[in-house]
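Every chain is named by a letter (A, B, C, D, E and F) in the order it is written, and numbering of its residues begins at 1.
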Amino acid sequence: MRILVINPNISDSVTALIGSEAARSASPGTQLTLRTAPFGVAYIETRFEAMVGAYAAANVAAEHAQGHDAVIVAAFGDPGLAALREVLPMPVLGLTESALASACLLGPRFSIIAISQRIQAWYREVVHANGLEGRLASIRALDRPLARIDGIQEDHSQALLALCERAVAEDGADVLILAGAPLAGLARQLAGRLPVPVVDGVSSAVRQAEMLHGLQPGSARRGSMAPPPAKPQRGLPPALAALLQDAQARGASA
Amino acid sequence: MRILVINPNISDSVTALIGSEAARSASPGTQLTLRTAPFGVAYIETRFEAMVGAYAAANVAAEHAQGHDAVIVAAFGDPGLAALREVLPMPVLGLTESALASACLLGPRFSIIAISQRIQAWYREVVHANGLEGRLASIRALDRPLARIDGIQEDHSQALLALCERAVAEDGADVLILAGAPLAGLARQLAGRLPVPVVDGVSSAVRQAEMLHGLQPGSARRGSMAPPPAKPQRGLPPALAALLQDAQARGASA
Amino acid sequence: MRILVINPNISDSVTALIGSEAARSASPGTQLTLRTAPFGVAYIETRFEAMVGAYAAANVAAEHAQGHDAVIVAAFGDPGLAALREVLPMPVLGLTESALASACLLGPRFSIIAISQRIQAWYREVVHANGLEGRLASIRALDRPLARIDGIQEDHSQALLALCERAVAEDGADVLILAGAPLAGLARQLAGRLPVPVVDGVSSAVRQAEMLHGLQPGSARRGSMAPPPAKPQRGLPPALAALLQDAQARGASA
Amino acid sequence: MRILVINPNISDSVTALIGSEAARSASPGTQLTLRTAPFGVAYIETRFEAMVGAYAAANVAAEHAQGHDAVIVAAFGDPGLAALREVLPMPVLGLTESALASACLLGPRFSIIAISQRIQAWYREVVHANGLEGRLASIRALDRPLARIDGIQEDHSQALLALCERAVAEDGADVLILAGAPLAGLARQLAGRLPVPVVDGVSSAVRQAEMLHGLQPGSARRGSMAPPPAKPQRGLPPALAALLQDAQARGASA
Amino acid sequence: MRILVINPNISDSVTALIGSEAARSASPGTQLTLRTAPFGVAYIETRFEAMVGAYAAANVAAEHAQGHDAVIVAAFGDPGLAALREVLPMPVLGLTESALASACLLGPRFSIIAISQRIQAWYREVVHANGLEGRLASIRALDRPLARIDGIQEDHSQALLALCERAVAEDGADVLILAGAPLAGLARQLAGRLPVPVVDGVSSAVRQAEMLHGLQPGSARRGSMAPPPAKPQRGLPPALAALLQDAQARGASA
Amino acid sequence: MRILVINPNISDSVTALIGSEAARSASPGTQLTLRTAPFGVAYIETRFEAMVGAYAAANVAAEHAQGHDAVIVAAFGDPGLAALREVLPMPVLGLTESALASACLLGPRFSIIAISQRIQAWYREVVHANGLEGRLASIRALDRPLARIDGIQEDHSQALLALCERAVAEDGADVLILAGAPLAGLARQLAGRLPVPVVDGVSSAVRQAEMLHGLQPGSARRGSMAPPPAKPQRGLPPALAALLQDAQARGASA
């Protein structure tokens, strides 16, 4: 199968981190296309940045989704995920949603380990939007400035490990989620050293995309995930306009 | 005070509806600036359309907010509201949030009357994101095609009245919310004819903006509504880029 | 417009605090009538005291509401609020409900700063009854004896400021609510010194009363906020008996 | 043991219904004192009426509680229950709380059968305040005028039975609660004819009072059920003033 | 009345603890039969152990329930409780459910004091399954190895008292629940020394069984607590097979 | 990889249905071992039957899990799932949990289609235990007698299709879950004919097992999913006793 992996942010070095972990995670026969947002910010900590990232991801998807069997929005927090799910004909996955799905199969309560204090409020809202706040043991986050977004794993390895251990010992976490594309691959490294199962978003999203591709559950012609009803549009970038128009046409013929 | 009212959609005729009701609602001394999104769709029923509307609203705000004391995002569902609240220095209000605030002062449980079946899922998610699903009696919606978005009030007046009455009689609504910019002004017309208080988003948002302007509660320098932390950005439209940069600078100096 | 502001407690000096902040908050053209409960306790910390305050507020309203456009029950916790809303023909507001409505327009999560340890349980129940516990970051309270109920702001200014700062730094509050009539006016003083928006109940209630007066949303003839159905009564104080009888009659003719 | 049973309403004939069922329910050795509120309304359907009933119940308790081992507030909805629990030295029970406790021991989900449409909103709020809305299958209520409050069981027997059956068949009720003092004793009559267990408030309260008397769990000297902290009071009826003063003194010496 | 009390675990010494407290709690005229599980573990801390205990309890009930008026599953966490309630013709009670019912009549929020760190997750899930997590102030537990399961009260008396006090002072508990059969009887000893009411499961279950026996609320012929529909079975221990067959027959004839 | 698939019920013909769908779902290289419970009932509709099934599944796992990379408990409702997860060293999956994980990746709200009226209460409790009731649109179930448990798909095909369509049209389902091992494979058949994505438990569990096997997230040495602490046991079937003993030993050495 072919998966388009979209970094909704502008950091090519983070895209590389994502790509490496995605490649390590993918089954034989899975091909990955990686794309970085042409506009936006370096990484997402706030709702404004997520709003920009959502629009950027949509533009990337509009240009590149064709020919793929699944699309992954590769930022924790899943900017634009539900929006894209309405208009794309193939499964769309996000890092948070996929990590939550994996975590829920491993134990009743999970903690999320994050890269900055500010990012926690947004993550909590995303967990709430997923209806899973009842299983959230805690969110714990680094509290130091991030010198380089693509070197967090190295620069803060001890602090990240300490956050994980405290989440288990003090918050009752049965599973750990290492959150954020900049931490892609860290779960794989720490799996043996942590006292509970640990997952991250990138590997979960790749594996869950393969899982859905195997299930072939069908697509939505009705309900709130069906293509948007036809209505006038104006001024959108050509690819995005075409994406919406195609979806509307697909919906109308359903 | 000066309020910027942004229609996140491209329908000039809906902007006119919004403007009329906003003008009827405003106190003497309140000045209104109305702006229509330069790109997007005719009205919002889905998450994809809301995502586009959020980005459009942000661009309009970036170009026009300066010199205003408050900004209103004038689409029910509040696309981009929390995002703009992070970056703008003045209060930002949305139709849903404002109508919910008004409704909560009038009775324990409210129903939302909406213009299309499809729109209900998104509205329910917005109420959930506002943490108020416990007070939602029901969402009821028109189930006929909308011939013209700016004539719904006339074309479907009997059906809208019937939805209101059923929400009270069958769902236990203590308050009614007439949802969506296309219904702006209808609450005012129906207030006497309905057996419970009725509010709409536009008048609520204008009045709540005045209310906040009177309170002068201060702005956020910390917490999740403070300006986003400084980080690299690239490729955003100039006004949006400047808005984010200014916010980051304001945050850094806080 | 004319607003009746009822202190459900017997402290004239607290009524004076309320009156000062209400006057500072009111728009030009708003006239305030202040009344103190003729019986009851000095301030409310417990459910028993709230029960007494509710009945006292009802008696005051029964005697003085006529000729006013709105009524404010001026104790945090809103004793008797929903009861009065059923029987009075004009909008009725409470300090808690109004402060919550204001806070919800300023950020996703709020903390409540309170004057005593004991009062916290009751406040939590009131937030729960309002359906907003999902947005409650924390309640923090003074833990020292209160030498004089009308001098708390001066006697405990440092401690109150410290509670505010901890609510933001440790509990994730995006907005602060300074709770209780004895703190009326403090939000106004602290607004500039706190890192997030801060509101109090008195100014919120006055401004929200003006807001509702502007909206003219209509009153309840059906639903659970309509006047109580007619039934025998006996032995109530004359004004209260008349208030109930009038409401029943208004309901019967609706 | 001696139990004081307070009808917070003025209907002597309902007090008689309560007394009959209480007597049928009590164990040998349990003595019952019955008192009717000297002021208030005939029965409670609304929050205003509940507020009046709470104050009336408090006055009755203040005059008559001494010498009893438990006090029952005998109106469904439990007006004044938490307030009285703070100030009385013996256990205080309510019809709703007791019926909920019994029902929760008989099956996962319960329905409440009520005497009027209007009463349902208040009951739902009481279940919510008890934190048990997750187990509430439904509230179903008579929709006809009540010719006489003490003859509902006879006048509407078929309709009440039909409501019970629909709650089981359509709402998934595992247990039925017949709500309201006017229905006291009906559960006993219908127990054999209904397909699920059925409880009412009066018999549950009497039996739960005996249960608590047997447990002797101790009383609250701290926490939110401890006596109210000392503070000035003024103008309360003598018995109520003494009740509060005694409670404050008991609290101060704890 | 006759009550069968089943210890779902193999510890005869814990059965003796349970029996002593049950005897102290029972009213005159209540006869107790005590049975210990013939297979299983010493006490339950985990879901696996609870699963084994549930099956063991069912086997004991199948062999011994006949001739009793109520059955108590005497392990906190209530292993097998809902299952047995479906198949036994008399009321079935559990320690947790009964203690929760008692606690809810004494104050709004309760804390659970437990014997081991590991046991807390299971207890939290049981409270969640009972729909009462909104009233759970905290779970606090011993953190030392348990030298002997039948001597915890003596070996850890100071630590248990300290946990109780912290739950009141720091977590806002209005009521304390001493959880687990190994603590049976401790509530009775501590009742005078703790600042809030305290209950345990064994005495609550015995008293609540008597309470239900007095109410005679009827049994379930429909709903989810009715006997299981008839279907083939195979290979169950004879008594268990007969229990199920009898229940199916009773259900078929209902 | 090697997966052990346990039918916790005694129906060999249902095991065959499960096996066929599991085989159709498995990736090349995945080997399946199928085992039927040696004792129990034909299928699970109630908590008692689930309790029996849990114990039966544990016994089968104890005898056959060794040498496998994952274990699937193949009854909707997941009897014994959390229990087995504590004691087995490899991932353990259930039909419900796996179907929920798949459904959550396809849309916000799901409906469950079930084979009998009685089964619905149990399913709702399982969804609640998974913390996902906020995303449950409805449960709809057949209301006719089941002539043969292995022929439901054929005997009730029209009724099942109708339930699916009503869940989408009337309940707002974005995704459908066909629940219960007797429906294994039906989702595959209906996928094209239904207007929203449809999943079942068997194929989801097989694919999710492969997904987890790919992730290698590590196992629990701490938290509530770690092996049970060592304690005496007695009288368990030899394989089960050994399973528990091994788990305890693994835990002790962690």
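Everything that follows uses one rule, which is that a residue touches a chain if its C-beta (ideal position, glycine included) is under 8 Å from a C-beta of that chain, and two chains touch if they have at least 3 such contacts.
As the structure is a computational prediction, the values presented were derived from the model and not from experiment.
Shared contact partners of chain C and chain D, listed by label: B, E.
Among the remaining chains, those touching chain A as well as chain D are B, C, E, F. Mostly identical positions are employed by chain B and chain C in their mutual contact, as over half of the interface residue numbers are shared between these two copies.
Centre-to-centre separation between chain E and chain F, using Cα means, comes to 28 Å.
Centre to centre, using the average C-alpha position, chain D and chain F are separated by 44 Å.
A straight line joining the Cα centres of chain C and chain F is 52 Å long.
In chain F, the residues touching two or more other chains are 82, 85, 108-109, 120-121, 125, 128, 134, 172, 174, 223-224, 226. Inter-chain contacts occur between A-B, A-C, A-E, A-F, B-C, B-D, B-F, C-D, C-E, D-E, D-F, E-F. Chain contact summary for the complex, chain F toward chain D: residues 120-121, 125, 128. Across the complex, chain D is touched by residues 10-11, 38-43, 45-52, 54-55, 58, 80, 82-87, 116, 118, 120-122, 125, 128-129, 149, 223-224, 226, 228-229, 231-236, 240, 244, 247 of chain C.
Those residues of chain F that touch chain A in the shared complex are 25, 27, 82, 85, 91, 93, 97-98, 100-102, 104-109, 130-132, 134-135, 168-169, 172-175, 187-188, 191-192, 194-199, 203-204, 207-208, 210-212, 214-226, 254.
Across the complex, chain C is touched by residues 108-109, 134, 172, 174 of chain E.
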